[in-house]
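You will see two complexes here that share subunit A, one where it goes with subunit B and one where it goes with subunit C.
Here is the complex of A and B:
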């Protein structure tokens, strides 16, 4: 094995190294997007670059190809590839390197392939333009590449357009396309975002095999620590434009040393054990608004005065393990099981509040949900889990009165609920509140936060005038937002803050049941942690029941007490979270669990 | 385990079915044609009712002679079938449209079809030549502009386009005449002189100024729409991927960007061409070009009801036809829409 690997590596070249990279904004000189980035990628190695939104991880990724988005420019630094500085080369030569030597796999699978060029043509486009090989050899290369990523490679498939493929297929086409010119360096920018866990597992496995067998040095950019822990050899954690911690995977997940890395790991749910998730207070600062000194000090629980004095160096605390923290020796050890709590008790008394009986849902004449029955108890969280197309959101929309084409019964405290929200009584509408997946779309951009949260109170006649304003302040306080946001419009808030406003709006109606449709999937993990903590608090203090729709099984373990596993419109397995996740009976559940990325 | 997963993934999307493709296209096309015919029928009702409800045409034609010349009034009334009810007259006229009988011109007492035939052809040629010149020019300018987005050349181009779009076409026409045929140079004829039985394009030089005026009047709109679509497409992920893949910029622009920016351009071109067919009265009058618009104004002035009806229907037909072609082209150029029909 070692012999073939070393011969592969000789063929593959020397990898790529980033030195002292700084990227700034053209419009605001002196403001950096990323600063002081040093990173080495060895052949056959997958390096994970992790960070939350706004950390500059994608900017670093595309800088490897000598590319910045409009508005940003590379101020200093080198990207050394085979003794050449990519950033110093004339643009013709940079373009020559792109694709052939350094390839890129894009983020959003659906948007990244040209919608009007057939995929067979797109795959070979670069080779055709560079005149590499003959038409027959290029076609054969495309077919081999597709076979390598587990896709069909007949003429019919090559003639398809990207919209005729599923998300996972498009992503694997993008992988095949990147690998075809046999590049030596690969930059993957969150290539599995938005894919189902089984598809994600397959794409990751394919990618890892290809990188190692072709001796490619890969940079895997992502916000998902769990994914990184499954595929990366080394991990770099980025915060606010700098690398906070860099080390081998086992070290980063076993002995994380930077307070930010630890806080991130604390906010991730585990598959094997329920946890009290925590968020990181404050929000990730944007370029230009980053604090002096250590950029994390204003959110760090270990910070002392010196932390704000000067920018800490990235220092080596152990072989290959670098940390940008002056207190790394003093903050003690970290334990992965910190924050674990007992799973919810299966034997506790349940009092059903919502009952679904033989629910069948239709879109036109197509039946998409085939007779689903379950109960939600008072102050209980029931999770609906499944992959895309399993019907989990459809069911939640029926409960919320947003979808009318269904048969069967939905009973809420003994009353049959009407099909659509229009046919429900005001009290039913008030007591069942819906929170949407995307907080960027669910808040009216023209209203102030106060108007948004007041609206349900006025609608249901709960409060008005001064009293309503006071209650808005109290609700915002409950979701950890200060009264300063009252006059803001939603556009001034971050994604996590918007989702808190959406939760406050739902709470304003004093509901007994919250329908939460993937409410954390558009958010960073640290924000997800604090939202989950907030929901758990609401459940305990106000006795609110929740129907929690998600595709994230690890999250289910931490938030729900019962779970319904859905596949193609059927409940395949249901029961207490502990039972289902520790002793899954169905093959489908086992497969979901096996493919879910995990850090524990 | 991977094998299990792979087979599952293959079943995610059913392959597009090719068997029913042709039949699906035929039925889609038949539906579109049906809609076009329906539109024309509604237009015909509006045109007929509007032209009939403008008061007694005989009175309008004869003016002061209406009361004096009773015999002429009676003759006109029967020629126009005014003694019959409106519905009967409409149906009679509609039947005539289908058989190619467009009625008789009141002013010249000759068949309408004979009078307008050559003018319709003249207008179509003018519009077609203008389109052939305008489309590449507009797209070229749009691509140039998008390439230099928000830098000096783009700003200059956009300012010029906006100025042109803001000028009425007769101002542009007068300026062109002043520069090229009267005041400054004497290169091109200012008016179109057509010998009897001849065509305007017998003298190609005389076509230059009318075509130039129309191109200058229409190209700015098309160019601005295509530019803004191009800018949107250039910001898309797939264009970024093409650049990161190492595709040269001109190929990115031509193949990756333009192909996806064509559809809004086609729609606006269709609207503009249809407008040209009926609304170029000013330009045709200015250059004395024997086209449809020119004739329509003339007929309205002469209270020539049959001519107005026939010309209105022809203009409406051109509108419907051009937009139908644009819709078909848009569908053909959008793979998602195209495959949705054939599967």
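Here is the complex of A and C:
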């Protein structure tokens, strides 16, 4: 490993190099957050740092600026920038470096811009602080910077406050401010998370162009493999504080060698083909709870005894392709099409279970959904897709009885459903179950998992006492949770586990229709994979129908048979997933598809 | 560590340290333990004080405002230490019940307003604001001046009611953040009764800030009851009462300072103790209380 790294370093020139970095916790000596990180960023190159939550990717990103969050401590290693070790510099010089030579774009730029200073003034202030230009030229500098990121730069725009910009515009202002001091290194920490695909597409394109034209070495930190595959030249996959695999983009996505990289790729959906998604069993270990030896061995399907014996080195298996796995030569090749399944059959007979007729939804006097009609068949998954503000969640809340201000009709098995849950019959409430987007909010933190899951049974008189407990255990088993969690409170579970509990609660009522509102968007991709696999299994074994709300078009391909594309409260296109995806008719759908990051 | 990590077919949660209750975590804090100790000592003194008292509470032991005994004698020549030991029981009991009443009423008003929302919220909270405009002691004064010999329950009700609007404001604020959480919507979608949603879903999540508020309210109650005693409104004019003692002996402030200072100090100490406890609970609650 040392040979390749040192030769990389020679070629790095004016880039930045991380050497043997280890960051620990001040409160728990001997426990590392990240360990043994070697990474070189060359000028004009975008390196993607991808990992799931808890992998330490953000910690590595901020370490490039010589920063660690409170409680963490850089124990050893160097960050070499222009022959200086950033970690060894006095703070005055580090402060000078930050923003000027090494810039940082945060995940939530709205929090980074001062809400009470106008955009133009904020950029001029930045130039003043950095001593760039003359007082006369700074305003023009601000205009040029905005133009570079494709924003308007007239006086009207400069006079705006940050809350008067859209999310994508704010992110591009943050990009402009990062690029204005002409930094040599740029750290981007999930800058497009929370943006719509169209906006994300534009921001990513702007960013890529700027990095390459300015010769900036960029580190793009994200959990989103699809984004990485669009923007990065090289990719580093992190797991449990170590780099598991590092290589050129084509290699990582074409011939992934580390079992973790393969498992990650197996759990993400593709736009171009339906795939049976799988998750990774177990959960990402927290610092201090990581296993000895290879940190992935307890979740790895290729693990042998030796894997738990020693920590594997990051080895070069092909030029520029490094893998931290002792069995990389023995585990064979990986095929992207392995998980492919046929798209659902368009000619299959369908019996409608849920029918929406001319649904118009209001918030106060504002109409937000303008006459939407569609139906969901028995044991069928229909996806509602759209960008934020398209009304997809609003429609699902009306179906779930959580929003009352609507006109039109929602018919469930021939019965008109009442507006709110309280005006519906117990049978209707039981048979239509709603699963929320955020599992961190949808479970009462004061109740135990058993209390949460058995409540619907008691409420609808399905079971009580010992029988109810047995059913709870059976349900938890079905969502792949052990009986150990019965007495836990939700705060002890990870996001994916919480979402499984939420699914178990919905199943406890023995529903015929599940309304799933973005239920995987708060979860890591490997967890998303296992949740999707669980839902597909439920559909097949129990014949449950689903209304699946999402913004992720690729996910739709793997889970739904039909899709409704929404824009500003109207259905712009609908039909079978395979037709809509492969032959989109409407310009809006085409634009959505074109902007969706894709892996294939 | 839990003993329940048998292999399960899917992700099984890693054994985590057993969850500590709010009380347990509060006890880990110095300020809470110190507060608890002070409060407990004073409560014990108030409850068992009459057994330890060297004299009877109305027994004349010497000349007025003399320095006989630990804290001297008062305006009638009664032993100040004895009166101090006798004078806590009633004031603490009245304060405790008044606080309980005020908390129950206030939480009820606040949570119902937050949960009902819309017009109900507006009407309830605007009426609440009107009552907040008056000083807290005013209601008690108005009613007590009309009553010949106030009973303990009258004082409890008056002080309790005057707490309610203040508690309601806080309870509504806390509840607003909870009623819009998804687990409350989930209960709604299942069609749970409204009373159950409030009792089982909303209230348990408010316990920590409400506990802290209850601690504060208790000190206010003591202050109020003592103030009423100072102004001459107490259940039995002859019985010892910390508040009343300050009033009775203020004329001798320059001659026999302890007769005034001792009740002042014990009320002050109790206030410090309960506030430290309330602070400790609030800090534990702020750190998540296992809810985030």
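As a working rule, the second predicted complex is superposed on the first by the 582 of 600 C-alpha atoms of A that agree within 3 Å, B and C clash if a C-alpha of one lies under 4 Å from a C-alpha of the other, contacts with A are read in each partner's own complex, and residues count from 1 in each chain.
Basically, a contact is a pair of C-beta atoms (placed from the backbone, for glycine too) under 8 Å apart; a residue touches a chain by one contact, two chains touch by 3 or more.
What you are looking at is a predicted structure, and each value in this text was computed from that prediction instead of being measured.
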Sticking to the clash and touch definitions up top, decide whether subunit B and subunit C on subunit A clash or fit. fit
Let me test your reading of the model: by the given contact rule, A:544 touches which partner, first (subunit B), second (subunit C), both or neither? neither
Which partner chains sit in contact with A:104 here, subunit B, subunit C, both or neither? Use first/second/both/neither. first
Touched partner set for A:62, first subunit B, second subunit C, both or neither: first
Does the superposition put A:496 against subunit B (first), subunit C (second), both, or neither? second
Once chain A of both complexes is superposed, is A:446 in touch with subunit B (first), subunit C (second), both, or neither? second
I'd like to know which partner A:421 touches here: subunit B for first, subunit C for second, both or neither. second
After lining up the shared chain so the two structures overlap, which partner does A:480 touch, if you call subunit B first and subunit C second: first, second, both or neither? second
Is A:115 in contact with subunit B, with subunit C, with both, or with neither (first, second, both, neither)? first
First, second, both or neither for A:87, with subunit B first and subunit C second: neither
Geometry row: CA centre of subunit A as apex, subunit B and subunit C as ends, angle in degrees (steps of 10) is 30
Look across subunit B and subunit C in the superposition and give the shortest C-alpha distance you find, in Å. 6
Any idea which subunit A residues touch subunit B in the complex? 62, 65, 67, 69, 95-100, 103-104, 106-108, 111-117, 125-126, 129, 150-152, 156-157, 160-161, 163-166, 168-169, 174, 177, 198-199, 201-202, 205, 591, 594-595
Residue positions on subunit C within touch of subunit A in the complex are 2, 4-6, 8-14, 16, 19, 181-183, 185-186, 188-192, 200-201, 204-205, 207, 288, 290-292
Hey, which residues of subunit B end up touching subunit A in the complex? 1-2, 4-6, 8-10, 12-13, 15-16, 236-238, 240-248, 251, 255-256, 259-260, 333-336, 339
Any idea which subunit A residues touch subunit C in the complex? 281-283, 285-286, 289, 400-402, 421-422, 424, 426, 429, 433-434, 436-438, 440-447, 455-456, 459, 477, 479-485, 488-489, 491-494, 496-497, 505, 509, 530
